[in-house]
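Inspection log for the structure reproduced underneath, given as structure tokens.
Chain lettering (A, B, C and D) follows the sequence in which the chains are written, and residue indices restart at 1 in each chain.
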Amino acid sequence: MNELLRNVLFLPEQASTFARKVDSLHYFVIITTMIASTVVGLTALAFFVRFRRRSETQVTPLLNPPWWLEAMFVLVPLGFFLAWFARGYSDFVELKTPPKDSMDVYVQAKQWMWKFSYPDGPNAIGVLRVPANRPVRLMMTSRDVIHSFFVPSFRVKQDVVPGRYTETWFEAIEPGRYQILCAEYCGTNHSLMRGEVIVLRPEEFDSWLADQRRGRALQQDGAPTTDEDVASVADLVRQGEKIAVQQGCLKCHSVDGSPHIGPTWLDLYLRREQLEGGGTVVADEGYLTESMMDPRAKIVRGFNPVMPTFKGKLAGPEVAAIVEYVKSLRSVPVEQARSRRPVYEPIRRR
Amino acid sequence: MQPEGHVQEHFANIDVQRQAARLGMWAFLGTEILLFAGLFAAYAEYRALFHEAFVLGARHLDARLATVETAVLITGSFAVVMAHHYAKTSKAGMTCLSLVVAAATGLAFLMLHGIEYWHHFEEGALPGKYYSFPEIQTAGASMFFTLYFLMTGLHSLHVMAGVGVLAWLAWRASMGAFSHGNYNVVEMGGLYWHLVDLIWIFLFPLLYLV
Amino acid sequence: MSPSEGVDIAFPAHHYLNEGTTVRSWLLTRDHKRIGVMFLVAVILALLLGGTFALLLRFEHLTPGPTYVSAVTYNRLFTLHGVIMVWFFLIPAIPSVFGNFFIPIMIGAKDVAFPRLNLASLYIYMFGAALTTWAMIHGGADTGWTFYTPYSTTTTTTVAPMLLGIFILGFSTIVTGINFIVTIHTMRGPGLSWMRLPLFVWAIYGTSIIQVLATPVLGLVMLLVGVEHLFGFGLFDPARGGDPILFQHLFWFYSHPAVYIMILPAMGVISETVAAAARKNVFGYRAVAYSSLGIAFVGFFTWGHHMFVAGQGTFDAGAFGVLSMFVGIFTAIKVFTWVGTLYRGAIRFTTPFAYICGFLFFLVFGGMTGIAVATVSLDVHWHDTYFVVAHFHFIMVGAAMMGFLAALHYWFPKMFGRTYHEGWGLVSATLIILGFNATFIPQFLLGNMGMPRRYYDYPARFQSLHVASTAGSTLLFFGFMIIFIYLALALKYGRAAGRNPWGSRGFEWETPSPPPLHNFEKLPVFTHGPHEYQGTAEVPHAA
Amino acid sequence: MADSTAHADHGELSPARSALIYVGLLALTVATYLFSRHNLGTWSVVIALVIAIAKASLVALFFMQLWYHRGSVRLALATAVLWLFLLTFFVVADVKSRYPLTNPNTNPLWEPPAAAQGHSPPQPSPSGRP
């Protein structure tokens, strides 16, 4: 039945857990719509044939509906609509709250291409590799205008707002290749901004990831971008360390916890810092990047404001790499596979 | 318009015509309120986001000068109410005088506001990419001044339009056009001026005091 | 009802058309009927222009790659199609043409409340149209009619003049809205209480409330985008802390009520024409009257369903989702009433009735798909795909256009005193209904397959449906051409229609057609509601 | 829709009453200024708005003579103010209930779009795509 209806309505295959749930509501809504409109059309035609005008001076009675008939005709559609809303909204909230153990992928949309970077894995242009049967959370941002990440087979779509992060998640259920399209108008080649999600079996994915991390598979998937040097070093964290050394961060920030000119980076991530002018701040990605761009905004108590600003000197991906590097400096040993942050609380509880 | 209140041919009587004019004016005032509604919504959102920058920005603005401006506008409103009263009791001279006073308060408001703008131009507290004000550097500071200039700028445009209307009414009053039979136009001009004052009554605390 | 051929009816000697025949008497007229006719000409020109853009878009989609237009031109074409059809045809169509012409006649008034303001509305519309045409010739914007920031503020195409053109046009809508509200409130004839008002007047009253309360926010948004585009104030610029989603809030706060500005007058027309075609009183007058107001008020609470996937909060998504469901019930009441009016009526199949049938089917199907798209989880897949394109074209071309054509045919005898050729009317109606289905049913399926909107080049798997849709659109185009041909011919060669060719008990059929300058020989006194046919049905052409 | 056609204005705004209201408005203006001098935290917003609403209703009811005209005229003002509140409420509710990182200022990673400004959209062919 599901396959029949899916083909009749030209729906793409259901390749994610969310797709199957949405399609069942979809069938119910579309079938009710078709029935209702044909019933109205046929009744109108039946009334026409039955009550056509027989003579010019024909007299028609004055009829007004009893209140209950009118009330029924309001409440019955309203009942349908509210039922659809209830089911629809619960699915939507579920789509908006990614599960705790989902794998993190950073997505960067840029005028007319997609770029995916795994926190502790490789970068890729236009091709997103994900393991099957595991939730994947996408943290998406755009470099210029609003785009929209849309995978028809997963029934998932989320606008990508410039300068901010929007998030969505999906759990692919069967391996295969599924097309990514941009759904929000973003300029001349909005229609050519396509990509591909390649769903691999979990063990296949882990071996691919391991290869990438060892930097062996050097050739990049999809087309290399011309105007941006794609980091060849597989590991974003190691790349962050390389940049931190180049930029001279480590001259002031120690990585082993010893006191230095600037606060140490060991266990810095998610630590509550006491600020100079009173008040505290949690050192999350936001604070880390802000203190790189605008060091004097929030000074940690006990340190003097000597840090130069890196605004304009560090591009977005480099800042992200340094932030990853800071996050990886933990006195507790780093678990390779799982990424634990940022901590997600379901939206409802807050 | 003949002096004794010309009833346009398609209205039943003078009262219907006045009620029609009043309803039409109020519908227009409704559109003005909604025009500013968009800006109030933008103000509410950005205040919720950049609370710190908005408080610093408000503290930086000259609240004393703004209080004087509010008093000036309220005086203008009072003058218009008196003009309406005089027009109804056919005192052409007093109507013209109070309308001139009202227009003068409008000009005074614009001048005071001009001084404020000049002050901001000097110190570089300008909207968007022109923002180069050293004192407030927190996130969203330029947003406060963007909203400040948009809201007060749009309001000043309306004050200018109001002064134009009042001047035209004053000129008509000096020609003796308004009397007990025909004071409706003064009431309409007054309604518009009161709305301009009403909007400033809300702009004043939101931008200068909180 | 095709007027009986035999009787030759006298064409009234004096009427508003030959009151003054100089061009100056037309350009400076304060007669609401002439302003209505001038708006009709302007609106039809806009329809033709917008329609040709639609055809260009459809032909471009015959093949996936570039067919005959470059990407930038295609983006400009769909922007212009959107802007012209929304602001220059659909919003002014029924209120400014038939509202202007018939509201004073229906409520027994000589003219609208502010005649000079009414003429000003026409000239503001002309000025806005001229500015937008100038912007169109100079490249025109490529941002879509929604002007989403930050693309609209960072694109290098001429966005500012088009924004100014729409800003000015907004005033024309506001002024028309104010005019009608005051006219209906203060100038009803003796004995005409609110509950005896014709349903078309109720619909136009609801539309005017939306026009007056929603259009200022559009004016502000156009101003803000223009200022941001030219001077970079940073209100929506993400780099300076601005929020592009705030623009969407302000834009859709206007644009969703705007779609009710487009559909509500059409519903008013259908309420009139159904009662006249079935020669029966409307089945539940009070429900239809209040539902017009219901749509006008509740329509303002639902704009967020355009932004479910734009990054909106889950609370807002839920609130807007529920409220969108409530708007649907008012349309449901109206549909129930129209079908109920046909029950035990005396229906004659005329061209307006053909459009009524088309209207009913498209409104129910379009409306229900609208509710489906407002169901939050389904919208995630459908948003910005051809499913949404098909939904709003079902409502705008399917319902609002059918309403406009029904009004044009139903009131053509009253406005111009002549009747059109009934046979050609039915031919064009069938062509349009079939052509419309052939154009937009495939687009529903395209949307399901995941074909995004505003795509110049598309993956090959969508091609067959695009070709079907293009074929349908040519059918639709020919349907419209036939209408304009036989209506233009009827202007000159149509038979004199007489006072009441349809035998309708609407108030507007009391005056001769075309009506005299001040609408009535003597002011009517209202003793009963409209469309009350019980008792002896009046024989048509009683002079 | 209370019907308010053609009925005489009952009662008038006498000069004495309008002078009284004028003085009241000035007093409220000074009061709100004084309140704002010392920072009362969130209370300062509430007080400022309460005083502003009081002043606004004085102007609307007496100066604009809503006190003397019933019906549709009041409805016009009430609807406009309700729409203002409606728009503001949903915009702020959206900002509060959004995914936190979608709001501005928590992510200064974003540098000014100097690159985007210079974008000339009609690039002949997108990088690397057919």
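Note that in this section a contact is a pair of C-beta atoms (placed from the backbone, for glycine too) under 8 Å apart; a residue touches a chain by one contact, two chains touch by 3 or more.
Model, not experiment: these values are computed from the prediction.
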{"item": "Chain whose Cα centroid lies at the greatest distance from that of subunit B", "value": "A"}
{"item": "Which of C-D and B-C has more C-beta contact pairs", "value": "B-C"}
{"item": "Rounded Å distance between subunit A and subunit D, as computed from the means of their C-alpha atoms", "value": "34"}
{"item": "Approximate Å spacing (C-alpha centroids) for the pair subunit C, subunit D", "value": "32"}
{"item": "Interchain centroid distance [CA atoms averaged], subunit B/subunit D, Å", "value": "14"}
{"item": "Touching two or more other chains - residue numbers and ranges from subunit D", "value": "4-6, 72, 79-80, 83, 87, 91, 95-97, 99, 102-105, 108, 110-111, 113, 116, 119, 121-122"}
{"item": "For subunit A, residues contacting two or more additional chains", "value": "96, 144-145, 161-164, 166, 187-189, 192, 294, 347"}
{"item": "For subunit B, residues that touch 2 or more chains besides their own", "value": "12, 16, 19, 23, 27, 30-31, 34, 37-38, 41-42, 45, 49-50, 139-140"}
{"item": "Contact set on subunit B toward subunit D in their complex", "value": "12-13, 15-16, 19, 22-23, 26-27, 29-31, 33-34, 36-38, 40-42, 44-45, 48-50, 63-64, 67, 70-71, 74-75, 77-78, 80-82, 85, 139-140, 187, 190-191, 194-195, 197-198, 201-202, 204-206, 208-210"}
{"item": "Parts of subunit A lying in touch with subunit D, wherever the complex brings them together", "value": "96, 111-113, 139, 141, 143-145, 161-167, 187-189, 192-193, 222-227, 285-286, 289-290, 293-294, 311-312, 315-316, 319-320, 347"}
{"item": "Subunit D-facing residues of subunit C, complex", "value": "70-72, 142, 150, 154-157, 185-186, 188, 194, 209, 213, 217, 237-243, 245-246, 249-250, 253, 293, 300-301, 304, 311-316, 319-320"}
{"item": "Subunit A-touching residues of subunit D, taken from the complex the two chains share", "value": "97, 99, 101-104, 106-111, 113, 115-116, 119, 121-123, 126-129"}
{"item": "Interface residues, subunit B side, partner subunit C - complex", "value": "9-12, 16, 19-20, 23-24, 27-28, 30-32, 34-35, 37-39, 41-42, 45-46, 49-50, 127-131, 139-140, 142-143, 146-147, 149-150"}
